[in-house]
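Structures incoming, each one as structure tokens.
In the two complexes that follow, chain A is the common piece, with chain B as its partner first and chain C second.
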Partner chain A sequence: MSIFGEPMAPRYLLWLIQGFGVTVGLSIAVCVAATGFGVSVCGMRMSRYAPLRAAAAAYISAIRNTPLLVQLFFWYFGAAALLPQGLVGWLNTPHTLDLGPGRLSWPAFETLAGFFGLTLYAGAYIAEEFRAGINGVDNGQYETARSLGMRPRLIYWLVVLPQALRIAWLPVVGQYLNTIKNTSLTMAIGLAELSYASRQVETETFLTFQAFGIATVLYLVAVIVTEAAGLAVARSGRFAWANKRS
Partner chain B sequence: MNISVIFDNLDYLLLGAWPNGPIGGLALTVIISALSAVASALLGLVFGIALALSRGGARSLLVVVLGFFRAIPVIMLIFWSYFLLPMLFGISVPEIGTVVVALSLISGAYLSYSVAAGINGIDMGQWEAGYALGLRRYQLLRLVVLPQALRVMAPSFVNQWTTLIKDTSLAYVIGVPELSFVATQVNNRVMVYPMEIFLFIGALYWVLCASFDKLAGRLARKR
Partner chain C sequence: MRRFVILALASFLAAGAAHADRLDDIKQAGVLRVAAFDSNPPFGYVDPDSKQIVGLDVDYAKEIADKIGVKLELRPTNPANRIPLLVSGKVDLVLANFTITEERAKQLDFSIPYFSSGQQFIAKKGTLSSPDQLNGLRIGADKGTTNEIVLRRDFPGATVVSFDDTPFAFAALRNGNVQAITQDGPKLVGLLANVPDKENYEIPPFTISNDYIGVGIPKGEKRLVDLVNETLLQLEANGKAAAIYDAWFGPDTTQPLPRLFKIGDKQQ
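Right, the complex of A and B next:
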């Protein structure tokens, strides 16, 4: 028998595919939420009010200089102490929402903690990428628009932000790729995503090569597809216009 | 807030079971970080030089291999080395070795690109002047190009090492008793003060990483 062992039974394959589904779903949810959150943190970080700037800077420093794993442990184990007792109890019990044709069930506590922790983490990095994008827009652009008589607020919306977004886009896609990889850390708080599933399958079947191999390939697929999509957007219509000039 | 839980377990969080058992906690985090930092710098230099100077098929192969290490999660690579290293070498490898190998490979892959960028950033005139003086390629690299390129690369090395310190926490998944692992042990034993425990070790990591971050900023400005 080769080192690959016998072919894996379908039900273990199903575990891996389900784990991959959780990884993809969690990644998408975190990327969407972290982008919105990152924009607001960036706004605070660049605000004209010093206390807001200081708060955003402290937050970014705390997130970026501590391991994500420790942050996840903090939210997972420590949230119970932070939140009111009643709410923790409510979050820990299953809830379902009837939506006509289907039913939506409230996610388990580890899913919530994982989503929350990953969003706060990615948001801090995305905020800094947006800030770099805004700082990357040449000052002459602002001055030219000002000399044309445009108001500062309008200049921000029509001149600075569209260019900043193009500069920040690929770095932000890089943060999306990191988010896909970082979802693997939620296995430590018991979320049954792809890494968790691969280890479960490995423990049950001893088909180590297949279990880790399939999981690795699935991660590669997710990362490569996301990166290709990010590059495609960067080269498409409105985006390419700016890239040709820079 | 209950601070006494920290003081009661301070020795264990900082040193693990040492001196009565294997060293752990913060001390082990520092040891793993230092070993991986050195190994990743060496790997980054070797593969970065190869990336900058190779052409054609060899370069494509290198790009694919480095891309692989950059694309997969650190946890998956720790699983792979945990399983593959004993098979390749036919001996049991201590868990710490497993983690150092995995972290060095990933950090080395990231650093390779910084090194290659640093080398490519050196003006072609430097190479041409060196050749005109009769230097060989290897001499030129060692005496002219690398000393200049390393100064440019220094901030990215320090940044990568900050990431490395944070990633040592992933040794948790194979039960290495570094800072994050001993913290969960203490948390599981005490049960009622998770906030205090994880805030405290978060602060320890913060001091380590933020000082490296400051250093990177200073190096970048000095350039």
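Right, the complex of A and C next:
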């Protein structure tokens, strides 16, 4: 602790670690959900049906051209005002589900709004990364497969998509890294993640440098580990084989 | 010779001691100089019509000047120069929403408190009536305030959700994301005054911590302290203190706040 100056009482360290746990949990949930959602939006964006394409394009442009902070305020403060009072009340009271050994508790409304807002945001970017991946596959690949007599659907599954995924993978990892950092904005809607916890520790202890210093290091760890894992996937197995070939 | 010097010195010191009595100085000058805020309504602010400094603090200052039987002279001040004005002798008293703290009491003396602002709550009508209920609630607070710290320390069962400022916390209350929000009473009253559907909300009449406001008096002026305290207690006894309070926080004002503290009450 010496490089951080005066040491911090264990209970404040615990707050930071709990905050970090929320950041990691939220990031993973958002990345998983946003990937699935992004693939669907990408499918819509490249659909042969014009209304679907238009809807996806409108969604992507609305999300990418407005600040994330405003979107989070919208989902937490704005959308909640539109929902029926009874539903908001239900969402805000704790609900637990007993699952034999464990117990599943319903997340707080801040968590739901944060998860929802971040997923919609990251989903729009991930959809565009996938679309860029698909567009990045040379048209000759499709034509060659077609001339060999493969059916279009099969060509997509076996020829285009695997290559598209390789092209899109590292940019998508970049969006995962952005998501980890973007979770910090949810402190504005009262979600007790790492930034919120560090601010809270700072308020109580006045150990400004230590509180934000530890938070910075924890963010750095999360981002570096994710980036390393992303690179490891990119260099492994069929990914690596394909990369060497291309 | 030596005896003469000691005698001279002694008489000088005695004269000095007698001279240090500020109350006599004030009476002799015929003027009580008081530092008051000029931009902190309703404690002390410049009235746009009369261009004079008015407010709750000023009303008390007038009563003290009347009691001594001298004219009142107001000096505008701000939180930063309240203490320097008093310590350097530029004013005789400070009545500027001056919170009594141990730290300040090292540099000056305080009267007994004449006003208290406490940490209070806004909740939907009928949902919150006593501090015991707080432990089960989700409560909105302002980030970085002592309100947040007090709440977490004294009500560990409450879920504290902190927002960037009070209007955000209030938006969360309106949405039902929190069941109450907390801040200092006078601030909550000001906030509620501007809410369109304010009839749906209330400020339950209890506080969970209190700041006491007193008159700042130069250090060591015992007679002046006694006189100020006596005046304040008299004002409470003859109902004038309640009248002054009502003029600024009463039911007919734009920001009514129930009077929970009376002069002479035991401090919590």
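Assorted remarks:
Going forward, the second predicted complex is superposed on the first by the 237 of 246 C-alpha atoms of A that agree within 3 Å, B and C clash if a C-alpha of one lies under 4 Å from a C-alpha of the other, contacts with A are read in each partner's own complex, and residues count from 1 in each chain.
Everything that follows uses one rule, which is that contacts are C-beta pairs under 8 Å (C-beta built on N, C-alpha and C of every residue); 3 or more make two chains touch, one makes a residue touch a chain.
As the structure is a prediction and not an experimental result, all values here were calculated from the model.
Contact with chain C, but none with chain B, is seen for A:T203 once the two complexes are overlaid on the shared chain.
Once the two complexes are overlaid on the shared chain, A:L68 sits against chain B while remaining clear of chain C. In the superposed pair of complexes, A:L220 makes contact with chain B only, with no contact to chain C.
Once chain A of one complex is fitted onto chain A of the other, the partner contacts of A:E110 are limited to chain C, with no touch recorded for chain B.
Of the two partner chains, chain C is the only one that A:V88 touches; chain B does not reach it. In the superposition on chain A, A:A188 makes contact with both chain B and chain C. Of the two partners chain B and chain C, more residues of chain A are touched by B. Applying the stated contact rule after C-alpha superposition, one finds that A:F77 touches each of chain B and chain C. Taken together, the two complexes place residues 77, 80-81, 188, 199 of chain A in contact with chain B and also with chain C. Put simply, chain B touches chain A in their complex at residues 68, 71-76, 79-80, 83, 162, 166-170, 172-173, 180, 183-184, 187, 193-195, 198-199, 201-202, 205-206, 209-210, 213. Per the touch definition, chain A reaches chain B in the complex via residues 61-62, 64-71, 73-74, 77-78, 80-82, 177, 181-182, 184-185, 187-188, 195, 198-199, 202, 208, 212, 215-216, 219-220, 223-224. Across the complex, chain C meets chain A through its residues 138, 140, 143-145, 148-149, 159, 161-164, 168, 171-172, 174-178. Residues of chain A touching chain C in their complex: 76-77, 80-81, 85, 88-89, 92, 108-110, 188-190, 196, 199-200, 203-204.
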